[in-house]
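In the two complexes that follow, subunit A is the common piece, with subunit B as its partner first and subunit C second.
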Partner chain A sequence: MSAFVQYLVSGIAVGCGFALLASGLVAIHRVTRVVNFAQGMFAVVGGMTAGSLLSSGLPHGAAEAAAVLVAGAVGLAVGFAATGKRGTSPQSALIVTLGLGFLAYAVEIMIWGDNPRSHPGLGGSVVLFGAHVQKQSFLVIGVAAAVFALLGLFFGRTYTGKALTACASNPYAARAVGIDVVRMGLLAFALGGMLGGLGGVLLTPLQPISYNGDVLLITNGFAAAILGGLDRPGVALAGALTLGVAESMVAGYGAASYQTVVALVLMLTIMMVRASRRTALQEEAAR
Partner chain B sequence: MTAPVVEVSGLVVRYGTATALDRVALTVGAGEPVALIGPNGAGKTSLVNAVMGVLRPVAGRARVRGRAALVPEGRQMFDDLTVEDNLALGAWRRRRERGARDTARVYEVLPRLAALRDRRAGSLSGGEQQMVAFGRALMADPDVLVVDELSLGLAPLVTADLAEHLRALNTGRGLAILLIEQNARLALDLCTRGYVLEAGRIRAEGTAAELAAGSAVADAYLGGAASPEREEGA
Partner chain C sequence: MSVSARRSARRGPLPGSPGTAAAIAVAGVALALPLVLPGPQVSVYVLLLISATVVTGLSMLMGFAGQVSLGQAAFTMIGAYTAALTATHGVPTWAGLLLAPAVAGTAAALVGVPLLRLRGHQLAFATLAVQLILLSVVGRQEWAGGDIGLQGVPRLTIGGYEFADDVAYAYLALGVLGVTVLVTRNIVRSRPGRGLRALATSEVAAASAGVPVALYKQAVFALSAAFAGLAGGVYAYYIGYVAPGSFPVLLSFEYVVMVVVGGAGTIWGALAGATAVTLLLQVLNDVGTREGMPASAPAVLSYAVYGLLLVLVVLFMPKGLVPTVADRWRRRAPAGRGAAGAEPEPEPAPVK
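This part shows the complex of A and B:
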């Protein structure tokens, strides 16, 4: 029982990290239709920057907040490179984000080296149903819950949030009422950068991160986001939590090396089912 | 004479090698209702997009003095947002003005929208959506309303109702209107002057009466005997 609780809570925490990453993917895709393959890089930049700032003596809180802002700035830069030129197709932008993700490897190795790095989070553990659960796990869950609530308020209550939703819903009508869709896309990239960065900042104390750790993160984030067709943040959150818990159980009761396979199998299955459904619908429509 | 609110001159729009608009010129005076009639593929929506600044022409210019607001073809709702949010976003260009997002004045002009304010725009009927599109455009506090295909996909009774609203906005509030329509009878009934656009060129222009009486327009768009009917209906 105690092991199960431990795996469950740590799985939910890791799932929350994936959810932050996935929500960044969804925010960017909804507004720009671009699948941002640099999303995992934002998490690496966030996690690594937080570690460096803490090492340089910046206190907790300020270091993490600054790292999230740095990741947001990187997101904005990626968005500008990928979508800043009007008329760039989402497919071309996707390739740009993929290229920038690889380019980032070189920059990250130059700055932080090629060894996995971590930084201290919230130390200690609490006993829950006989299981020792790291306090950092509860911090991740709490912060992610607060961020999702804030995102809900932002998109549901603010004029800018509604304008972002309008761009996602109908870009032509958005342009017709005067909304600058390209600028809104850049805002979505900055938001995606901050969400990815926050995921990295929160997860790094639980799982050391290296320059190429983005592959694992983007695989899980994408698997969660694709559940909702990259457009539904609520479904992405549910998908991320399911993935986090499933991987934690696989690692706990089976072997840690299989945990990524869970995400890959889930992602491939969803994509195959969606593709076959689409083909069936297209055949139906063609009749 | 005051300067026109919309002044299009020598407008050329191309998509690759295809020419959508070829040296198009038209004007809409302050408070004037003007029709632009043309069949599918004539270049009407390209002209709308150039006037609204969504599309950059290869040559010529489309100048708007004041503010233009668009009622787009196919209504183009923000489906996931409520009617209230759709209306509020219509004021995006004026977002820094105090009270710009106040939708109350639109509900005064289009009272039926008040009952729909919390409904998702995507769940409304075509006529209701067209009403929302009108309200959203009015939120921009425009000097000219550009209406792209008022009647498209709507039942005749719904279209007639919307046309009355449009007439009231023009005569009651002095709002200039550029009505882009395939339904020439409707357009010439609502407007005092018009243009006929075919294959990217202005083929005819004149007062509504002149256009309705002209054989080219009557034969192509009014079934050959529209002028007397129009005059009877007017």
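This part shows the complex of A and C:
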């Protein structure tokens, strides 16, 4: 029982990290139709920046917030490169973000070297149903819940959030009522960068991160997001939590080395099932 | 280096009727190279030819069928492991070389049944997932040597002749690349090739014009995987050692960079892309390992170049190096000559 609780909580925490990543992916895809391969890179940048700022003496809280802002700026830059040039198709933009991921590797190795890095989060653990659970896990869950509540308010209650939703549902109509679709796309990228960065900042104390850890992060984020067709943040959240718990259970009870396989097989299955419900005609009409 | 540079210049495309002459010239230079290159450069040349073989197949998949595979190295890996496993279990190596593409192609055909229902970014992620799964699973298998891999793969022997040194492998890789290019060229110019181009533009339109869309996609996916498997087989016999670490996800991305840089959907593009990227990396590696450079310099430089190349080419030269240069050339050339002998070049589909 105690082991189960431990796996469950840490699984939910990791799932919350994936959910932040996935919601960034969804925010970007809804507005710009671009699948952002650099989303995992935002998390790496966020996590590593936070570590550097902490070791340079910045207090907890300020360092993390600054790292999230840095990741947001990186997101904005990626947005400029991927959607700034007129006539870049979403498919080409995917390849562009792949290339930007490579560029980020070069910069990350220059700044932080090629070893996995971590930084101290909330230390210590609490005993829950006889299980030792890291406090950081609760921090991740709490922050993620707060962020999702804020996102809900942002998209539902503010003018900018509604403008973003308008661009997502019909870019042409959005432009007709005077919304700058390109700027909204960039805003979505900045938001995605911040969400990805926050995921990285929160997850790094739980599991060390290295420059090429972004591939696993993006596949996990994509797996969660694809459950809602890359368009529904709520479903992405559910998907991410399921994924996190499933991976944690497999790692705890089965073989640790198969936890990524579980996530990937889950992702493949979801995509197949979704694909079998859509015909080529529907997909081409949606383009 | 000067020899390589001259060759890459000659590899440039010549439109229309001089195409055959150019092909013969390139083939001649390619055949002479193993003999004139200095020793260490020959091994770079062999690896370049192996990459070019994979990239030719991937270019056909991306340019003609319009499908992106981010996991092509998975099939190189399957081919290499097939060759290594059969050879270490006493199967004649020539049979192993034939089995490598067969197993890789069959694996792709099986995986392709569910996978190819996906399109665009979903297929890209699905192929990436397949490779990650394969890497993770193979790393845990005792019989495949786990993460350490298989060592002591014997050298390739065909009819009593043992391929022993770099020059022999250069000719083997050239032969393999030649076969790949010929098969690809004949497919591209045939009726199925036109069908593939049609389905890259619109699957619905192609299907209503009578193109068996699912079958063709399946076939081209399996074929490109078979090329990758063949290249993997040569790699295993040449290096004599295979491990999951030899086929990272980055290798798959590298193949995509080569395809995009050269120009998807053209054979010349695949060859030029593989050559350009390999030579560039080689130069940067020389620079990065000079004295006074930090230890991480080669990695930083190569990542930066991959990234910059990919971004700049996709944004500013979306058709890729070879089609862009060929277009310029054609516009400059006198109209009479261009129209008379020019065979209509198939327009590759845009990369999706």
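The working rule: the second predicted complex is superposed on the first by the 279 of 287 C-alpha atoms of A that agree within 3 Å, B and C clash if a C-alpha of one lies under 4 Å from a C-alpha of the other, contacts with A are read in each partner's own complex, and residues count from 1 in each chain.
Just so it is clear, a contact is a pair of C-beta atoms (placed from the backbone, for glycine too) under 8 Å apart; a residue touches a chain by one contact, two chains touch by 3 or more.
Since the model is a prediction, treat every value here as computed from it, not as a measurement.
Applying the stated clash criterion after superposition on subunit A shows that subunit B and subunit C can sit side by side. When the two complexes are overlaid on their common chain A, residue A:163 makes contact with subunit B while staying clear of subunit C.
With both structures placed on the common chain, the touch criterion links A:275 to subunit C but leaves subunit B unconnected. In the superposed model, A:95 lies in contact with subunit C only, and not with subunit B.
Of the two partners subunit B and subunit C, more subunit A residues are in touch with C. In the superposed model, the vertex angle subunit B-subunit A-subunit C (Cα centres) comes to 90 degrees (nearest 10).
By the touch criterion defined above, A:176 lies against subunit B but remains apart from subunit C after alignment on the C-alpha atoms of chain A.
Of the two partner chains placed around the shared chain by superposition, subunit C is the only one that A:226 touches, whereas subunit B remains out of contact. After superposing the two complexes on chain A, the closest approach between C-alpha atoms of subunit B and subunit C comes to 16 Å. Contact residues of subunit C toward subunit A in the complex are 68, 114-115, 117-122, 124-126, 128-130, 132-133, 136-137, 139-140, 202-204, 207, 213, 249-250, 253, 256-257, 260, 296, 299-301, 303-304, 306-311, 314-315, 318, 350-352.
Remark: subunit B residues 52, 54, 69-70, 72, 76-81, 85, 88-90, 92-93, 95, 101, 136, 140 touch subunit A in the complex.
Those residues of subunit A lying in contact with subunit C across their complex are 35, 81, 85, 88-92, 94-96, 98-106, 109-110, 113-114, 212, 215-216, 219, 222, 226, 255, 257-258, 260-261, 264-265, 267-268, 271-272, 275-276, 280-281, 283-284. Interface residues of subunit A facing subunit B in the complex, by the touch rule stated above, are 159, 162-163, 165-166, 168-170, 172-179.
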